[in-house]
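Below is one structure, written out as structure tokens, with a few remarks after it.
Naming follows writing order (A, B, C and D), and every chain is counted from residue 1.
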Amino acid sequence: MMKGIEMSISVSIVGGSGYSGGELLRLLIAHPYVTVKQVTSRSHVGEYVYQVHPNLRKRTQLKFVEPAQIEAVDVLFLALPHGQAQTRIGEYAALAGKIIDLSADFRLRDATLYERWYGEAHAAPEWLDKFVYGLPELHRAEIAAADYVSGVGCNATASNLALLPLVKADILDRSTPVIIEIKVGSSEAGAEGNLGSHHAERANVIRTFSAFGHRHTAEVIQEMGVQDVSLTMTAVDVVRGVLATVHGKVKPGTTAKDLWKAYRAAANDNLFIRVVKEQRGVYRAPEPKVLVGSNYADLGFELDESNGHVVSICAIDNLMKGAAGSAVQCLNLMMGWQETTALEFMGLHPL
Amino acid sequence: MMKGIEMSISVSIVGGSGYSGGELLRLLIAHPYVTVKQVTSRSHVGEYVYQVHPNLRKRTQLKFVEPAQIEAVDVLFLALPHGQAQTRIGEYAALAGKIIDLSADFRLRDATLYERWYGEAHAAPEWLDKFVYGLPELHRAEIAAADYVSGVGCNATASNLALLPLVKADILDRSTPVIIEIKVGSSEAGAEGNLGSHHAERANVIRTFSAFGHRHTAEVIQEMGVQDVSLTMTAVDVVRGVLATVHGKVKPGTTAKDLWKAYRAAANDNLFIRVVKEQRGVYRAPEPKVLVGSNYADLGFELDESNGHVVSICAIDNLMKGAAGSAVQCLNLMMGWQETTALEFMGLHPL
Amino acid sequence: MMKGIEMSISVSIVGGSGYSGGELLRLLIAHPYVTVKQVTSRSHVGEYVYQVHPNLRKRTQLKFVEPAQIEAVDVLFLALPHGQAQTRIGEYAALAGKIIDLSADFRLRDATLYERWYGEAHAAPEWLDKFVYGLPELHRAEIAAADYVSGVGCNATASNLALLPLVKADILDRSTPVIIEIKVGSSEAGAEGNLGSHHAERANVIRTFSAFGHRHTAEVIQEMGVQDVSLTMTAVDVVRGVLATVHGKVKPGTTAKDLWKAYRAAANDNLFIRVVKEQRGVYRAPEPKVLVGSNYADLGFELDESNGHVVSICAIDNLMKGAAGSAVQCLNLMMGWQETTALEFMGLHPL
Amino acid sequence: MMKGIEMSISVSIVGGSGYSGGELLRLLIAHPYVTVKQVTSRSHVGEYVYQVHPNLRKRTQLKFVEPAQIEAVDVLFLALPHGQAQTRIGEYAALAGKIIDLSADFRLRDATLYERWYGEAHAAPEWLDKFVYGLPELHRAEIAAADYVSGVGCNATASNLALLPLVKADILDRSTPVIIEIKVGSSEAGAEGNLGSHHAERANVIRTFSAFGHRHTAEVIQEMGVQDVSLTMTAVDVVRGVLATVHGKVKPGTTAKDLWKAYRAAANDNLFIRVVKEQRGVYRAPEPKVLVGSNYADLGFELDESNGHVVSICAIDNLMKGAAGSAVQCLNLMMGWQETTALEFMGLHPL
């Protein structure tokens, strides 16, 4: 394949009945240079994809096929539950020259780190080095040159993008613990329900379900180089959305002006990053409500100059920038296409 | 037992881990003349009831017991899934002189009607006559004299109470079809989740899941004596609450003044019925939002005098007036106690 | 202007700070053949449009201008509160050869009908004949030839599209009253808050705020030719979405098969109409949840063959198919462009 | 008045149309030893209180009176907007021997602290010493002996109760900053709407509206004796509820066992404190969802023993334990009544 030529390529999705897979399908169906060839699902074989993802009705006549029926394509997307891609990565690599895996299987470079956070040895540690961590805002050039790209954890993405301006401008005091408070919607937990996701139990919640030890912490440690970091997870009553509120300390002498400069630089360098810091109106700081369906990451901050306490805020749609959106953005980079292709949707107001 | 004496009686609940059973438990724990002896649950044996119903923490140290362990009591409440009570009603009757069954098993007097709506023959048709339909607003005196009282369908209750003033004043034109539109919250579907009740699928819905044929229709036919009646069910994004909007025709010459008289009479006759029909303010008509946790049924109406089209509205909390609240109200009547005992909670504003 | 040539035209929006105006702006900014020249707002002059509509950040640097500053353009959109467009229609017509007015001012053809439903005489009755009712599914050819096109009432649109297959196939018994139950989200009431729209009062509602007499009824009477029709309005806890559940009677002998045929014809004739009638899965009938941000109208039906009672259901996004989406669809028709241009967004799952 | 005698006293509420005033009214109407004499409201004079607080219909025929009409009573409750009580406290004290003020006017003991956080000098600094801070869990004995009791800030209350076990057991390392993340519902902002509280703008939010500097911080500083403390406020889509997630460090050597001991002691000493820390089930940690309408404060914690990072969690209903509930609890103490009188409601499951 020649890069940059806007020819149509073929792609397939392994694991297309979940929420990340469905979102990927929505984006790829509308992608001008992509033809979706196959979508697999163990539990929905033979059903139209729109019977599971009702928004796709009248837009595609694709039906789910069995995983075993998957054929060779230009690019293969994997959207399987955690732990499955690593056991068959060799088979998938035989089907496609390029793979984008949305699961957690190939996000960490270090098999030891993986084992510490996932509680078991990695099944294909020799593959870890071959994958690039799939967040373009951190690894744009490497992704453009890669054949194998991982997905990103949605909570890790909100955390990493909140930290990005501080780390890049080197104004974060890394000797002070970084405390990250994350609020999430219900789609983050996936399409498989459990008792806690039953509407009558899950509606109206403010539920801190994990104070420490969330697995996405490993991606923050790896990508941001901060060691003393914790993610506290609280579920709230929305379907889509992640808000990360990051508490840290800036280096002595850092001013609000320095922060403005750092955040503006992040927005200038990245088409999907916006700075939201208004003095008036309803929408003064980043919030996921206005990002539903879009690939933007909105960043904001507040600084207490008296003690250097910085609060950095990042809002994303967990299924977009935190999963399928970043994956398509990686595809665009890998193919040499305009980075925003098929990711133009700008979110809705009101919602 | 002597009636009207406010001595403490013992009660048990068969099936206490569901939503109706849990609500019943909440009411009975706070009931001044009742001691809850046992609560059964197949799936939670040995757990504290507050581990399933977290609002009960620090209020009771009861643990769930196996159904087989149930012992004799003064009054036995059955809160089992549909179809189970009728297969063992004899056993239960051997344990308690008085039974209040919240399920649909003994609501219909006519085994034929039961079979038509439930699609199978009743397992204990000889018991149907022994039960009184447990809506005090319709059968106060019979309930007070009864040993066996059925529960009520929550949608049927909202429908029947909306129709009550019209039927009682005999101003409903029964030759015109009665069309009932019902909007319901997610708790109505019970504590057992399914894919459709998964928060990400159930949030934000306006979902008409049944246009015709809802089983509660049978209770409207039986209790209101209307034959041509349909219930159309739409799920909306609340946990508790039923709103029935009933469309019918009044007899020629009926005025708004006649309707006012009929509705006020219903409120005067029944402590838990209120008429809501304001000209100003936010809360001009009945709505379930203000009834959460309370046993009130709020009624309202509009009449198009040009054609006799009446819209009668009833709002209730499906777990209270539509289930556990009416059941405790029946208990109070059966025991000769003040009808409102343990049902004084007045709902919350705002919520 | 030559039709069908995909040259860029200039448009402006009078009244761009409300919800319909904002949605229009979102669509037009992304429209490939349109340049938005000006957007007016009395209360936000000088502010960036993205300060009011935060989803537009980084997509446009437009600022709100005063209404008096409006200049000549190819097509002028009016998104003013009801009653304002009719007082200045002459001025607007002097600025642009083509006008699309989203308000209720020019929807009715008959000044008498207008006065009956809006309670006052129309200020420019001579203009009523010049406008075409802007629902392409009803008036595609006339819109394509028109210079002046009205908007549509969102509730009227859901009602009219639910009735469309029945009326077109002439299987609706017009001698029986048509009862329409409509459930709506909060964005329908516009961007101006009131006490009843305060979140603590508006959340969790099932609030029947109008039993009869909603003004959109006039559009159903005019467009569908049914005389005995009522719209009962109930507010529920979503932001976007309208579901119309229409109760009527079919002509004797009409079968479910006839209905299938009628509904499929509607979907075949109209790119934005889909039939949703599944036997399994979560999404068996139309629901607005899956339509947020999209221009689709989903239709479904149930028939009680025993008595001819038909329930026809239509779901739309009130700001899209019920307002801005239909307006842009009209623009596309008026300009000879592909009808779906800038309206490709397919909605989200889950949401 | 003799204490401890369960005679009926008279009370009035100045400012009864807001949410705290309405909740107070709900509690006092049902209080067995209290008669509510008058309720004032400037904007609703002459209206029934149930026209504003629809849950009170059929429970009281009280009408709002003008503030100037207020008469002498045994106990006067003030539920005015911030800043008003301090300007007339002398007048109110002439009307009643005992005053409970729910506003922020008399919460701080130090006029300097008041000025720092409220940005203006206190109008009646000589009264600050006469008031006791109205949180029984901190000042039970003083409240019982007091004539003047202040209200509490809802966010301060969740924060203070989360810190209480750590401070009381003296295991909090006060040299490390305390970072408090608070999530709140919409009722916290009061009954007066603004553009940001408009449902379409306020629904579905995860909105960090204040990173530093919330006024309730002053109450945490005063009551907990921690100096380096910040409250970060995030609005979420519920009506009632506050969840405070408090990040701090325990003193070296502190174990999870020590924490268990400290938290259990808090629950043993206080009837309205519960410890929620389960290993299984849906409700493993405190959450406001199960506390709606109740006066409980649920506490939980997690400790990272590797670094001493403690996360302490407190959930309350902001209108109950965070306002009217604590006020009635204070009344009970002041009168020598059982502390839980009229506060027995246990919350709802599900909701």
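Keep this in mind: contacts are C-beta pairs under 8 Å (C-beta built on N, C-alpha and C of every residue); 3 or more make two chains touch, one makes a residue touch a chain.
What you see is a predicted model; the values in this text were computed from it and never measured.
Seen from the Cα centre of chain B, the chain whose own Cα centre is farthest off is A. For the pairs C-D and A-D, the larger set of C-beta contacts lies at A-D. Note on chain placement: the centre of chain B and the centre of chain D lie 35 Å apart, centres being C-alpha means. Between the Cα centres of chain C and chain D there is a gap of 46 Å. The distance from the centre of chain A to the centre of chain D, with each centre set as the mean of the Cα atoms, comes to 39 Å.
Residues of chain C in contact with two or more other chains: 19, 187, 191, 195, 200, 204, 237-239, 282, 350-351.
Against chain A, the residues of chain C that register as touching in their complex are 19, 22-23, 26, 29-30, 47, 51-59, 187, 191, 239-240, 267, 274, 276, 278, 280-283, 290-294, 296, 298, 344-351. Only residues 19, 185-187, 189, 191, 193-195, 197-200, 202-204, 237-239 of chain B touch chain A when the two sit together in their complex.
Those residues of chain A whose C-beta lies close enough to touch chain D in the complex are 177, 179, 181, 183, 195-196, 200-201, 203-209, 211-212, 228, 230, 232, 234, 236-238, 241, 243, 245, 247, 282, 284-289, 302, 304, 307, 309, 311, 313, 315, 350-351.
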